[in-house]
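This report refers to the structure that appears directly beneath it.
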Amino acid sequence: MLDVQVIENMEELLTVNNLKKHFPLQKGFIDNLLAKEKGFVRAVDGVSFSIKKGEVLGLVGESGCGKTTTGRLILRLLEPTSGDVFYNGKSIFSYSKKEMEGMREKLQIIFQDPYASLSPRMAIGKAIGHPLAIHNHKPKAEVEQISLEIMEKVGLTPASFLFKKYPHQLSGGQRQRVVIARALVTNPEFVVADEPIAMADVSVRAMILELMVQLKEEFDLTYLFITHDLATSKYICDRVAIMYLGKIVEMGPLEEVFKNPIHPYTGTLLAAVPVPDPKYRRTYPIPKGEIPSPINPPPGCRFHPRCASAKSMCSIHEPELVEVHSGHWVACFE
Amino acid sequence: MLYSPAKAMAKALSRFAGMGKKYGVEWWILVIGALIILAIVYMALFPGVIAPFNPHNQNAGPQLLHPGGEHIMGTDNLQRDVWSRIVYGSQTILRVAILAAIISSVFGITLGLVSGFSGGFFDRIVSLIMDSLYSFPGLILAIAFAAMLGPGVINITLAVAVIYIPTYFRLVRGQTLAIKEELYVEAARSIGASGFTILWRYIFPNVIATTVVVFTLNVADAIMIEAALTYLGLGLPPSIVDWGMDLAMGKKFLPSGQWWLITFPGAMISILALGFTMLGEGLAEILNPRLLER
Amino acid sequence: MARILEIEDLSVHFPINIGTVRAVEGVDLQLEQGEVMGLVGESGCGKSTLGFSILRLLRPPGEIVGGRILYHGQDIVRMGEKEILSLRGNRIAMIFQDPLTSLNPLFRIDKQFIETLLTHEKGLAKGEAFNRAEKMLEDLGISPERLLEYPHQMSGGMRQRIMIGLGLILNPDLLIADEPTTSLDVIVEAQFLDLLNGLRRQYDLTILLITHNLGNVAQLADRITVMYGGSIAEVGPAEAIFENPLHPYTQGLLSSIPNIKLDQPKLVTMPGSPPDLVNPPQGCVFHPRCSHTMDICRHEKPYVSKEDGHLVRCWMYR
Amino acid sequence: MKSLTRYIIARLLLTIPMVFILLSIVFVVLRIMPGDPVSSMLGGHAPEKVIEQKKVELGLNRPMAIQYLNYLWQVCRLDLGESMVFKQRVTKAIAEKLPATIELSIFGIIITLFLGVFLGAYAADKRRMARDYIIRLYGIVVYCIPVYWMGLMLQLIFGIWLDFLPIAGRTGPRVFASTFEKTGFYILDTILVKDFSALGDVLVHLTLPAFTLGLVLSGIFLRLTRANMLDVLKADYIVAAEARGIKHRRIVYKHALKNAFIPILTMMGLQVALLMAGAVLTETTFSWPGMGRLLLERIYLRDYPTIQGVIIVIALVVATASLIVDIIYAIVDPRVRY
Amino acid sequence: MKTVKFLLFCMIAISLAVFPAKGFAKGAALVYGTTEKVIDMDPANAYDFHTWEIFYNIYQGLLRYPPGKTNLVPGLAKSYDISADGKEYTFRLREGLKFTDGTPFDASAVKWSIDRVIALKGDPSWLVTDFVDHVDVVGKYAVKFVLKNPVAYFPSLVASVPYYPVNPNVYPKDKIVRDPSELKGGKLVGLGPYRVVSFKRDQEIVMDRNPKYYGEKPKNDRVVIRYFADATTMRLALEKREVDFAFKTLNPSDIRDLEKSPKIQTIKAQGPYIRYICFLCDTPPFSDKVLRQAVAAAINRPPLLNKVFLGQNAPLYSMVPMGMWSHIDAFKTVFGDGNIARSRKLLASRGYSESKKFTFDFWYTPSHYGDTEVDMAAVLKDQFEATGMMKVNVKSAEWATYRDNWKNKVMPAYLLGWYPDYIDPDNYTAAFAGTAGSKGLGIHFSKPEWDKMFVEGQTVTDPRKRTALYAKIQQMWTDEVPTVTIFQGTLYLFAQKDIRGILLSPTLQFNYGPIHRVK
């Protein structure tokens, strides 16, 4: 577990401390009436990490591992079951609703699906300028000017032509640029990028990724980059954290984790990534079975039913995240 | 540049044809519906121009005259001209149906938005009441309300309006709940928009588009309910010309061979309802932004 | 090697209200017995349409407007309804992207197997059909009791295996796999590709693997076809395509995909976006995005060059 | 199966607040109505004193709240009270009329389902073909024809011009009413007493009203079926089934229709309300001695207990129908976990 | 499979339609169609003419009207005496009559029945309680009615249903009977020519000849009354020979067609019911009798009847109906029809003109007098406005509200109709212009000298004096105009050509006994 004293260190822009989110099982009214005990989806079950200013942390895992929920908790788009998130040393859950709305000027998110994250009935120029209108109360003309500028910056050109268009009139890549522009228009410090390229076409992905790297420099940003694709994280992340069933199983500098994966799950994940090379043959074994349900996660180490090197203790005790090398944390008894 | 009406007309026409090409059959359904409505609205606005007689004139012609000649739809037993009554009757039915739809949509949409967005106990109670009302036969409810309020245009409008509030409420609440879960609403929250801003700028514009379609279909329905109430004798005083009432009055002549007394008012009710339904059907397809992706 | 499938000059159009989508335009493709052909391209390039037209499963308004599809020399395009029905599932099987929605939710798994079997083998006893379904499940590594379950009771990977089981139960010789792993997680995807590799040998299958994932293709395919904007850009042996891509689009595609095993600090990006197939660009459809565009590319259909079974459609190789 | 019973019980409990709300609305609506049931009941000659006395007798002089509580308590005991206008138990009046409405509704819904579902499925299969447009046009037109007018026109054509079918009533005048003493469902009754000429008479009288109701509602079911079929036909499993070589007709009418029928089924609960409304109008047009006519007659007379009773019964019918539909839904769809 | 079943259903339906099932008309029964309704099967509470009609046939009064006649003859009583002060009537009963269960019919049964009516306070009980003080048994077969005041027309009251003796062993003493099933024995049997063998409310009543009836044997064995929900159906049933005769109430259009039909015979008689406009006489504007006269003058009866009733029914110019003694065409001679000049003059005298119109609300009810009522209101409005000096707002209310309205003095002018309780001019006049009666109908007309005349009319027994008195009242009516009559109903009965013996009279006492079918 992370030491609480870390919070004092101002170098850490954001610190997540034992964050948990358990969703009550979605049931109808009738089931609630009759059910004896309530089930929970343990989407995030005790996650701790911190991000330094200017750093890109990759949060990697399969679908349903809780990475997206973590991203939303950090921005307080969801209220956590327990745990805390400190931003600039202050818990974001301590803000009032109004204060939190103000905070969002500096904390931004880019969603996976750009089409779904734009209102179909709002022209994109309006959409991009809207955060400014909410936070700065600048005159309309000025908001429009800034919006046009940022549109140019993210490559939405010609900006004045696209300003009045609606989302369905744009291509997928352009829409993602709109979303990025909207996230950056208020000059935020910290951005959660929730699988920003997963929906994009192959040839567009690289462009968006490039854009994000370039804008990071320009706007002096800090990213939490959420992805299911280890290969992508390679091009943007400084550090990665691997999540499995609501927990971080391994975390460390990108090179370190990729070259020397310690946790068996990390190894598996790295091996499973398809390699665009016909001569490449997988050597690492792929485990059988699929990811278990987060409603009743396995006892002990959550990966043990699929782990090739599982021991008896793995099914009883839960391994804690410990620092193996400097900055390289692993939750495994190995 | 000089404004040229001919050019503007040509432009409008080509645009019109272009729409037909773009949207296909649905566009023509919409156009036919709109033309029917326009024709009947014209009737209602300028009845004096179209109708050859005063609808109350009890000496327009001989009693129970067959359609044809001077009286294209014949005359009734009080020697009134059926066609003139049809023309004037359009005023009543249009006024009631459209006004009722407006009243119920305003109430229903507001309640639905607020209830769906706020959630919680308020939402539960309102939903329960609305669902109960919705599941109950609307006509029977309208009968009870109309009987309670007594005859009169305003009263019948209210009786019709009441039964459609749940329709809008359910639609809007459902949409609000769905849109509330949409990513773009979460995105709006993530940029710090307040509850009201989200409701007004993000949810409302997306909800209202679907209600337009429902509104037109609703008017079609309200037309039939209005006519049903007056047909049952629960609606209006005789000084108001109304198709449903003429239908009810003509009913007793059914076995005597005076078919025109029931055929024409009933057909008009159907045609007007058809106009609004076709408009709604067409709009439903055309307002659907996914159409072009098919 | 026998030629199992030969597509000649196939064109598929979708007339819609605002014009005609030229989804597939003049495509030629050959599949040899026993090979895995990877059909690669971005979404909207027509690769799925091509797959669907092989079994004549196009949805209206889509229709084949020209060309031939020869299966063992028989032209599928001109086949009668009866003949095509006896091909589907029986000789040519197809599996789809989303295993959750590809199984009828209201029918138990065994019913779906039995229905498929009885459709093609009239007179087969139900018990016998059930036994064969059980055997198939064992081959797929699923416990046979699960035959009595409904699709929603299974996990994604398992459903995809059921799908492939339904495809293979009648021992077809050609399998069309339309983005079979897109909705699966990485690990399950790897499992599935391994399974497919095994089944391929066991059933002596010819596979047309339609995917946008170059990684998948690299692992499985013997030959690769790259499609762009409804036409074929390049066809060749897998190694040739990956090591020596000729078409500028293939080159761009390969350099823009991340490779976890490669030390490559930056991805190369390809400008522009895929073409509008209602009004495709004149000449070579790729020319607006190409960095080597010549004047002739703008006006004339690209030149077809073919060397050592490596085909490319580009004016650069004239 | 145990969980299904639990589901049914829970579902039953859920209908209670719904019925309760309707009861309250009905009470409020009726008590605001102008018109005095007592004077309409006693006639013009009754002296004030007698009227007052009658009001006391009926409890109409007590405060609204007390009347409301009494009313609820009565309903809880399944006692609908006594008609204010006629000396008759409301339950009895309703019991006499309910079978007529149910008989009409059942035949109406059979015709509706048959026409609507079949045509809808067919149109969806022939999407964007001329046949599809014709069927859709039929659906729209039929939807826009008011039930009562449809009834009148059918009466005019088949009853008057062709002189082919009777236009009103449940039987001809020469069939003895005592034939129908057993259940009140005339078809059942005539079969029970084996009077087949009477059965014929009953069926002939049922034809026009049932078709009127069926035709008008078929438009809605047609649209519903078509829309759902279109969605289902787009589903991957339909293509998958086609890819396995299964015959088109089997796919459309077995695979697709079965799936499309589930949403239709859920809608059917709500359509019952429409059916009841349609039945009221059909009954008036065809002089069908059912609940609808009873309701209208008693509304004119301000017979509160009977009006309340009829509305309660209609609410119960609607609630029961949606309950049954939900249970069928739970049984039919394996995905529903109850 | 479904398709097959459906086709089968269609085929059955069509084949049944083509060969209409006939022949289950049972034997020689006469089928009588009507759109009326039976309310309570109890003389103590029945207060409508159809139920009374059934009682005429299954019970009998001490006095009765012979079929088709308006003169009273002895019924269950052989004769009666009146005391000198006119307050005591002693009836001598027929001897040896027995109810079906063997209970003898005697004076105590008569007293028991009258006491029951008084005790139950049913709707028509006022017909007894307003007049009769008490009843004494003065012998096994002699009964004495002691009246509160002398009543000239008491014999016609005695002939009305509330005075009918019922079986004390069968009727409950303290409860109004709605259905025959509530009786002991469950069958409705009286001393009249018929007995009810089956009763299905709103559907049918089957009546068989009463074998124990003392009087003339009915010419048929069974009458089945068929209740129709609407006139159209009844008319069609008549045309298809499914009913033998139909009475009350067909639409004007149906009556017109049936009258012309060669296959149907029409039996017509002057009815006792009248239609008229009431004024609220103690509240402006109609507290001014000149305005009432102006309205009365504007009415034009013949075209109204032509339009609304296709010429059926007869214009009526007095509250006392035509055919009743003392009737005079008072309004006709004073105002005539559609006397617009007179009406305008009267209005002008009160300061109204074309530009300053006399405006008033005119009410009707759509739910009590059939759907011709709307037409009637529309035509009257038209006629009033034809004066050019009146503006009429037509308003309507359901019957229950309508009654409230006249009680609450909401309606200045409104349409009403009247069926007599007993056959006497008193019932057509005092009820409307007497202080008590007119208040009950919302007219609120009150003149002491009129009240005095009404009392005189009640107590004087000399027919000539009464005739003169009522003629004078009718004459005065045209000056005060508390109400203005429009028409008197004509009774139409339609029967198959082979039906004989139908006799209608203005008393509405329709006896089934003489009706029979000829070969």
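Note that the chains are named A, B, C, D and E in the order they appear, and that numbering of residues resets to 1 at the start of each chain.
Rule of thumb we're sticking to: contacts are C-beta pairs under 8 Å (C-beta built on N, C-alpha and C of every residue); 3 or more make two chains touch, one makes a residue touch a chain.
Given the structure is predicted, the values throughout are model-derived calculations rather than measurements.
Novice: Counting one step for each move to a touching chain, how far apart are chain B and chain C?
Specialist: Contact-graph shortest path, chain B to chain C, evaluates to 1.
Novice: Using mean Cα positions as chain centres, tell me which chain lies farthest from chain C.
Specialist: Farthest from chain C by mean C-alpha position: E.
Novice: Just curious, how far off is chain E from chain A if you go by their C-alpha centres, in Å?
Specialist: 88
Novice: Where the CA atoms of chain B average out and where those of chain E average out, how many Å apart are those spots?
Specialist: 46
Novice: For chain C and chain D, what's the span in angstrom between their mean Cα positions?
Specialist: Averaging C-alpha atoms per chain gives centres 52 Å apart.
Novice: In whole angstrom, how far does the Cα centroid of chain A sit from the Cα centroid of chain B?
Specialist: Chain A and chain B have C-alpha centres separated by 49 Å.
Novice: Considering chain E alone, which of its residues make contact with at least two other chains?
Specialist: Chain E, residues with two or more chain partners: 232, 236, 367, 397-398, 401.
Novice: At least two partner chains per residue is the criterion; list those residues in chain A.
Specialist: Residue numbers touching two or more other chains: none in chain A.
Novice: Would you give the residues of chain B that are in contact with at least 2 other chains, written as numbers and ranges?
Specialist: 147, 150, 251, 254-255
Novice: In the complex of these two chains, what residues of chain D are touching chain E?
Specialist: 34-37, 39-40, 42-46, 50, 86-88, 96, 114, 159, 164-169, 172-178, 195, 197-198, 200-201, 203-204, 207, 287-289, 293, 299-302
Novice: Can you name the residues of chain D that touch chain C in the complex?
Specialist: 127-128, 234-237, 239-247, 255, 258-259, 262, 332-335
Novice: What part of chain C is in contact with chain D in the complex they form?
Specialist: By the definition above, chain C touches chain D via 52, 55, 57, 59-61, 85-90, 93-98, 101-108, 115-116, 119-120, 150, 152, 163, 166-167.
Novice: Which chain B residues qualify as touching chain E in the complex?
Specialist: Residue positions touching the partner: 56, 58, 63, 77-79, 147, 150-151, 233, 237-239, 245, 248-249, 251-256, 258.
Novice: Inside the complex, what are the residues of chain A that reach chain B?
Specialist: Residues of chain A touching chain B: 72, 75, 77, 100-105, 107-109, 111, 113, 116-122, 130-131, 134-135, 168, 179, 182-183, 186.
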